[in-house]
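Notes follow once the structure below has been shown.
Going in written order, the chains are labelled A, B, C and D, and every chain counts its residues from 1.
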Amino acid sequence: MSEYILEIKHVSKYFHGLVAINDLSMKVKKGQIYGIIGPNGAGKTTLFNCITGIYTPEEGQILWKGKEIKGTTPFKIAELGILRTFQTIRLFAEMSVAENIMSGRHIKSKQKWYNGIIHTPAYYKDEKENWEKVGELMDFFNLSEYATIPAGDLSYGIQRRIEMARALAAEPELLILDEPAAGLNENETLELTQTILKIQAMGVTIMMIEHDMEMVMSLTEYITVINFGARISAGLPAFVQDDPVVVEAYIGSDEEDEHE
Amino acid sequence: MTKMFPKFAASLAVCTALVSASVAADVIKIGVQAPITGQYASEGQSIDNGVRLIVDQFNAKGGILGKKIEVVSCDDQGTAQQAAICAKKLVNEGVKAVIGSYTSGATEAAQTTYFRAGILQTSDGTSDSLITHKYWTFFRNSFPNSAEAEYTAKYFVDGKKYKKIVVLSDYSSYSTDLADSVVKALKAKNGNIIYEGKIKSGTQNFTAALTKIKSMDPDVIYYSGYYTDGGLLRAQQIQLGIKADFVGGDSNDNPDFMKLAGGSAEGTFLINVPTPDILPYDIAKQFLVDYKAKYNMMPASIWSLMNIDGLRAVLNGMETTKSEDTKVIAAAMHKLKDFPGITGPVTFREDGERLGGGYMTYEVQADKSYKIVYK
Amino acid sequence: MMTKTSMIALVLLIFMGFFPMFVDSAWLAVGTTFLVFSVVAFSQDIILGRAGVFHMGHALFFGLGAYTTAILNVQFGWPILATWAPSVLIPMVCAFLLAGPIIHLKGDYLLVATIGFNIIFIQILENDVFGLTGGPNGIFGIDIVRLFGIQFASQTYMYYMAFILLGITLFIMRNLDKSKFGRAMFYINKDEIAAQSMGISIRYYKLYAFILGAGIAGAAGSMFSVQYSAVSPEAFNVTQSIMFFTIVLVGGSASLPGVLIGTFIMFVLPEVFREFATARYLVFGLAMILTMILRPRGIWPVKFGNIPSFLKKDVK
Amino acid sequence: MDIFLQQIVNGLTIGSLYALVALGYTMVYGVMRLINFAHGDLVALSAFVGLTVYTQIFGEGITSLVAVIAVFMFTAAIIAVVGVLLERLAYRPLRTAPRLSAVVSALGAGLVIQNAVMLIWGPNMKIFPSEIFPSTIWEIGGIVVTFTQVMILGISAMLMVTLFFFINRTKMGTAIRAVAIDQDAAKLMGINVNRIIMVIFIIGSALGAVAGLFIGAYYRGITFDMGWMYGLNAFVAAIMGGIGNIPGAMLGGLLLGLFNAMITGYISSQWAETFTFILLIVILVFRPTGILGETVAEKV
């Protein structure tokens, strides 16, 4: 097995004949924080959707620990240990924060099919363990005080934290964060940076799309830049930052304006 | 479960108290189970009205066995399920006898419940299946489908000498039963049935089925269902240029049949027992006068009068035996011989069947009047 | 530790338990049917309110249970008790076979497919396939429950049997809601994509809901056929399915008190207002519209946040 | 062979009635994502209103073409008003509510209309006079075609073609399509969404009204609860074609009518509904959004 946990090889994805991702390749090392940047509509989220099984790319390979996972259904991808957050937050809005996080425990729960009808001692043990884990995560993300509040009623920043807690509850090997800092204020962004580092320290590999350059540069160890679905640059943060192709791509778009 | 028992016992005691209370009361309850709303509302209302008229007449004379009669009505909407619910309800009300229902299906659905409770039931349902159980509680006050079927077969084979016969029915209990009986009777007389089919009542569009029938070039199309579909069948038959005769079973005999068929009604044949207004009996004439006086209209059809005869037979049984015991009354009813009824003499067979039946065939004229063509 | 809801539930259960002592047997029959219909409504709620599947053919499973009991008892002479297991299992197997191929359909497409199954079911019953279903008349003369020579014939017995069935159903519902399975259904209901991304198989849990719901509806159907000693197709047609569908949404989907209130309003009130026979459904329709406008999530909407108390310690 | 052609004529006649009703379902669905369960009852209401207008205002026995056209126009206008009221009172307050709340409201509205018809016109079948259209019958090579059938086929085709051009070639039609694709974006572009929805209900209800009148004229007997059957068939037609898709509803209606006629004519009338729904389910298993419906991928 190679040192890379996730390898994307020459992946292309089309919508109605229009190319969304064009012959894209990248390799993610275990334990890395890997950044993906690029102007809006460049195909970053589409790439994440391809990895997590929501879309199936027409061409190329996606290897997870050396095994092809292209075309695998999303829930099986999650079972493999790849969990994600969403650019447009997708929480179970009417349900409480604790219940939201509990959804991450789904794949770890050992309840049998009959436990939906009748409870057994093993069920009680399993249920308790999982709720305890939810409690730990709420502590970790400072969410305990909101435990019973419907997730949809909380502020944007808190919702982002719930989404990360939910993904983390599944004890992922790879955590995919789609613009985790979008909509956060400066303090919250700072806090988020610390949290992501803590998650990395737990041994979780992280891939993230982010527009906040400061954050990306300080956090990531390797960056791929995408524009029009294709890779235009890749390398260490410092290299990418000064790459003229990248600068060109960003100036050529209205990127910054949209995020003001 | 064991904890439940005290509650069981307690509530059982309450129930028994309630039941005995209603028995001790100074009224005799008669149930009416009829389609008071729904598709057959006019028939159901006629039955209810007729029963109340007779009961009022009895009560005016001081009731029966020294007690007043009370009528309890339940609307079965002409459906089997609602009938089952009504049956439970009327049993719980403590009625002695139930008059109805109009449709065979609703009658049959309720039969077992009345039998188990020992409650008399009398209905105009014509399905032969109604008497197969041989329940001592059940009396048919009309004539069975098999009688109509035998008459129909005789008319088709001996009278008209049809060579290619099509038999259609809808899905109702009555209609399928009548069609089955007609097919059986025809086969017994070596009639040649080229097609048997079912149409779904209320579908309105029968052209597809009729087009198929057209390709078989039949002499006659016999329909055993109700007038609401029969009229349309006839109209669409003429529209498609199918030159066969159209013969409708008794439930096609309704003014709406003529309206639905429009210009196509002329030449249609209908088979039925005599209509109320041509009943020759004095008792019938008196009843119709009273009915008209009270409700300012005529009963919907002869079927409601048949039910009234059922009621009169039950009350007669009570009077002659001076008993409220349904077993005793039933025994007396089985012994009735030519009891003068509104619809003719009433005689019940041991299985509850009413004996007799005089059918005739009418041909619809251009002015929508009837001409008797076969007796 | 008792929430307000479970307090009310307990009071209601006690009331329902002693109900037979206050009323005559006609009302007891209404009460029994109320209990049976609540069980069906709860089973519909598993599929519609929990898994969020737009299922408008639930009378099919209710009817399958009723007909299983009726056919086995009347045509094959089985005692009623022996028909209970098949009347639960057959609907479950059918649910699996029918829902399997269509479970991937989106909301309204699935809705019409389930209506289709219901209509096909009615047509099979009406056409008297294999001479078993009794055609449009249905089947009459279904026996009563007999055990050790005791005949459980009185309405009171029927009432308590239905009461116990409702108890079992509530027990299952509670267990479901407190398990991974019930939660998975809610997650799917609220956001399919997020649920999938958390490792939840949509197909598995939707089918689980269907099969469990069908089984419970089948048990209720069996009870229904014994209560009325007759079954016929129109008791299980699409109109009935729509009624169960509406009960859940008017009451409040996934809410136990909501579904009970829904059943009461949609079933018992029309019985009470029988006097106004003709106008009652007009008023009824108006009430449905008004309820939805004033309380779009139902009269008693579900409240989430039912989590272990040790997690609530920091909640302000 | 002439039997086969006759079945095609039968099937197309009923099919175009389904298509007219299906258009009402599909247009409302396209814009509001709502199954308007009350639509079938509007169709039934139209038949009763039309009958009353005909007999009360013009009196029975009048066959003048002008009177018939007037009855159609007048009835369609009344039903359109009812449709708009329906939207205002029962659906608009629920536009932001959970989707199923609006469905229940629609079911309730259907009950209200159906029972109002029963209270006003009574529970018994009412019968259309037979002289609305001339009883002319043409026989062409063994196939029988009636005047009424020709009217149904001709008028339906004309209405559908007009609608097609209206949707695809006019400014209002473009606005309707825009609202169907993205209501919020359309609002930002200055389109008055409420007005578009009103137009949709006017067109849909009027088409349903025409179908209701044809049902009365063709089949003669009308009952207060007949809307359910026509509504369900039309709804199935709309789903088959791909709900929300206008040509899909037309195709679905005609297909359903033809399929029904063929099944009844060649296989069995007793199993016609079963075959219809098996066809529908098979279509959906292989094309989950109907024949012409497009798979819309959810934005993630």
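Please note the rule applied: a residue touches a chain if its C-beta (ideal position, glycine included) is under 8 Å from a C-beta of that chain, and two chains touch if they have at least 3 such contacts.
Predicted, not measured: the structure shown is a model, and the values here were computed from it.
Chains that touch both chain B and chain C are the following: D. Comparing per-chain C-alpha centres with the mean over every protein C-alpha atom, the closest match is chain C. Looking at which of B-D and A-C shares more C-beta pairs in contact, the answer is the pair A-C.
Most remote chain with respect to chain A, judged by CA-atom centres, is B. Chain centres here are Cα means. That of chain A falls 40 Å from that of chain C.
Between the CA-based centres of chain A and chain B the separation comes to 73 Å, rounded to the whole angstrom.
Between the CA-based centres of chain C and chain D the separation comes to 33 Å, rounded to the whole angstrom. Residue positions of chain B touching 2 or more other chains: 37.
With touch defined as above, residues shared between interfaces to two or more other chains in chain A number as follows: 54, 86.
Taken residue by residue, chain D touches two or more other chains at 270, 273, 300, whereas all remaining positions touch fewer. Chain B meets chain C in the complex at residues 4, 7-8, 10-12, 14-15, 18-19, 36-37, 75, 79-81, 83-85, 87-89, 92-93, 104-105, 108-113, 116, 129, 133, 171-173, 176. Chain A contributes residues 52-54, 73-76, 78-79, 83-84, 86, 90-96, 98-99, 102-104, 106-107, 109, 111, 113, 115-119, 123, 127-128, 131, 134-135, 138, 144-150, 166-167, 170 to its touches with chain C in the complex. Across the complex, chain B is touched by residues 17-18, 20-22, 24-26, 28-29, 33, 126, 135-138, 140-141, 153-157, 160, 227-232, 234-235, 274, 277-278 of chain C.
Across the complex, chain C meets chain A through its residues 172, 175-176, 178-184, 186-187, 190-191, 193-202, 208, 212, 304-305, 307-308, 310-316.
Those residues of chain D lying in contact with chain C across their complex are 29, 35, 89-90, 93-94, 97-105, 107-116, 118-119, 232, 235-236, 239, 243, 270-271, 273-274, 277-278, 280-281, 284-285, 288-290, 298, 300.
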